[in-house]
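Some structures to go through are shown next.
Both complexes shown next keep subunit A, but they swap its partner, so subunit B is in the first and subunit C is in the second.
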Partner chain A sequence: MEFALTTLGNQPLIAAVEVGKHLTWQLGPLSVHGQTMITTWVVMLLLIGLTFIGTRKLQRVPSGLQNFLEYAYDLLASIARNQIGEKQYRAWVPLIGTIFLFVLFANWLGQLPLRLFHIPEGELASPTNDINTTVALSLIALVSYIYAGLRKSGLGYFKHYFESPILAAVWVLEFFTRPLSLSIRLFGNILAEELVVAVLILLVPILVPVPLMILFLLTGAIQALVFSTLTASYVGEAVEDHDDHH
Partner chain B sequence: MNDITAAASVIAAALAVGLAAIGPGIGQGNAASKAAEGIARQPEAEGKIRGTLLLSLAFMESLTIYGLLVSIVLLFANPFRG
Partner chain C sequence: MLFELGWAGHLLLLAAEEASAVEAESGGLFDFGGTLVLQIVNFLLLMTILSAVFYGPISRVIEERSEYIRSNAGSAQRRFDEAKALADQYEQELRTTRLEAQQVITAAEAEAQKIRAQQLAEAQREAQERIAQAQADLDRQKQVALASLSGEVEAISRTLSEKLLSDSARRF
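Here is the complex of A and B:
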């Protein structure tokens, strides 16, 4: 469905809100959402380029970009350390950090005026505006915390499923609701942000949406923090010693 | 889509987001007031309290977002379009 606003006297269209319209590409047997692919690659290029430039000519006393990157690393490591624990957080910093940075940059990319670039159908927006991206991210989280649990305690990781039939139902339910709520939370928040901005632009195109867009920079960062913290805490629960647990 | 379905979808969308905002609203109010109390009692813990508060507010927020998602589906991707 599409809402359109035309100014008085049938001027041409100035703004429109559209949801669920995608530029579809056919790659072999797969059909992919083109605008999500484009923005995902832009985010990846930004992240890889930034770290590549920042890690040339490493110095013992960092300055400039290297300093900033080390600060960012400390932040990411502290997310993992708080949830997983001092002993074994180090192996999980790459996963948690990648999730955090990807989601953060993806959310912030959506606040740029991307709709100025016209593509044949749909419009450019955050990659996290597409539920396929967020489901993929949450499946990565699911697979990695199951892997962590299996590596820690072998098949004993699934022991708690067999303790009592009622609790087993709860555990099975939790198994499915974790990735579901992870993905829906991120997707819904970002979609809601972009809808609010689109509706405001539809009503007042100039200046009025700016404070909200600044607010959405904050909420985008918080969503990235929530996603990575939750992933870290699931991993942490899987790798912790089971003696004092449940 | 016939008229009845369209009208019912719009009302359902409004109810979904409106009702879903009640509980999280109360919860976020409680959380924020307790956090303010905590900061007043122990100002040196402000950073930690703020971090925890923001994180838990995001969790409550997501409940409203679920309602919003249902209403967005009803408005933009209605399965009963026919």
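Here is the complex of A and C:
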């Protein structure tokens, strides 16, 4: 689908908003969205590069990038610790941290003028703009917290399903609502942001979109925080001691 | 096409142009497929790599640092305790030494007192002795003097009586 702003008559195209158009790659049996892959790999390279450079010469007295990375690690660990608890949060820092970093960088990448890089079909945008990405993340979250529950209490994790039929229905429903809400929240927010910016740029291509883009840097960070905190809280709920719980 | 944005187009007075065949077969916002699978793979890959280059090393260095601080604080505490024990010991020794010095002084004073008393007694005894000796000398000399005096008295009295007798005889 494409919206194009054309002035009266047959003036040339000034700007356009494109939604739902993909650069399709055929990788073996898989047909993938090339623009999402490209920006995902950019995000991955950025994260890996930054952390790789920053952890080359680790010192007891940190300085520069190491200081910053330790601060970032502290932030990520505190998200996990607050939701999962002092005893067992350590094993979950990589999952929670990577969700946060990936979503944050993906959201912020979308605020760059990626439109300047032309690709044959569709346009480069934030990877979280593609529902495949957000569903992938939420499926990973789902599998993680079920795994956490199974490892904690074996098949007893599903015991509460059989306590009452009505609650069982709620528990089963939860399996679908949690990943659905996680993925749709992120997808909807980022897509809406990008559409708003695109439409604004279409109407007033200069200065006006800037405050909004700054606001979207903030909401991008909030979305990352929300996604990782919710995942951590689901994991925390799965691993907590049920004796304390009831 | 699951997602229609036609309203936005009308609202913003945009001319909508429906895109052609490509999106009819694989377009749209909710086009699930290989991307989903690849994104899962991508994420797991990213998580593994970040564990190796970020979470692992950083948590290790933080752990080592807190361990270092803990052990340093521990050894400092230990040294402080040692110093305190040493100070206590010195204090104790000082007290003992003071007590000993006090005892030595007391003993010396007692000794001196004893010597003084002894010498005083000695001197007194000597004086007594000398007095007694002098007394004895005096007595002896007195005896001698008395003896010689009595002889003289006898002689004088005889002479006197003879003289008296002779005088009286002459008168009569």
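By our rule, the second predicted complex is superposed on the first by the 239 of 246 C-alpha atoms of A that agree within 3 Å, B and C clash if a C-alpha of one lies under 4 Å from a C-alpha of the other, contacts with A are read in each partner's own complex, and residues count from 1 in each chain.
Just so it is clear, contacts are C-beta pairs under 8 Å (C-beta built on N, C-alpha and C of every residue); 3 or more make two chains touch, one makes a residue touch a chain.
In this text the structure is predicted, and so the values were computed from the model without any measurement.
Chemist: With the two complexes superposed on chain A, say which partner A:225 touches: subunit B (first), subunit C (second), both, or neither.
Modeler: In the superposition, A:225 contacts subunit B only.
Chemist: Who does A:181 touch here: subunit B (first), subunit C (second), both, or neither?
Modeler: Only subunit B is touched by A:181; subunit C is not.
Chemist: Taking the superposition on A as described, I'd like to know which of subunit B and subunit C A:150 touches: first, second, both or neither.
Modeler: Neither partner.
Chemist: Counting residues of subunit A touched by each partner, does subunit B or subunit C come out ahead?
Modeler: Comparing touch counts on subunit A for subunit B and subunit C gives C.
Chemist: Given the touch rule stated above, what does A:98 touch, subunit B (first), subunit C (second), both, or neither?
Modeler: In the superposition, A:98 contacts subunit C only.
Chemist: Contacts for A:30 in the overlay, against subunit B (first) and subunit C (second): which applies, first, second, both or neither?
Modeler: second
Chemist: If you stack the two complexes on chain A, which partner ends up touching A:139: first (subunit B), second (subunit C), both, or neither?
Modeler: A:139 sits against subunit C, while subunit B stays out of touch.
Chemist: Once the shared chain is lined up, is A:213 touching subunit B (first), subunit C (second), both, or neither of them?
Modeler: neither
Chemist: One more residue to check, A:191. First (subunit B), second (subunit C), both or neither?
Modeler: It touches subunit B and subunit C both.
Chemist: Which parts of subunit A are touched by subunit B and by subunit C alike?
Modeler: Correct list for subunit A: 1, 19-20, 191, 195.
Chemist: Please give the residue numbers of subunit A that touch subunit C in the complex, ascending.
Modeler: Residues 1-6, 17-22, 24, 27, 29-33, 36-37, 40-41, 44, 47-48, 51-52, 54-55, 58-60, 62, 66, 69-70, 73, 77, 90, 93-95, 97-98, 101-102, 121, 127, 130-133, 135-137, 139-140, 191, 195, 199, 202-203.
Chemist: Considering the complex alone, what residue numbers of subunit C touch subunit A?
Modeler: These residues of subunit C touch subunit A: 1, 3-5, 8-9, 12, 14-19, 22-23, 26-40, 42-47, 49-51, 53-55, 57-62, 64-65, 68.
Chemist: Across the complex, what residues on subunit B touch subunit A?
Modeler: So the residues of subunit B touching subunit A come out as 54-55, 58-59, 61-62, 65-66, 68-69, 72, 75-78.
Chemist: Going by the contact rule at the top, pick out the subunit A residues touching subunit B in the complex.
Modeler: Residue positions touching the partner: 1, 19-20, 181, 184-185, 187-189, 191-192, 195, 219, 222-223, 225-226, 229.
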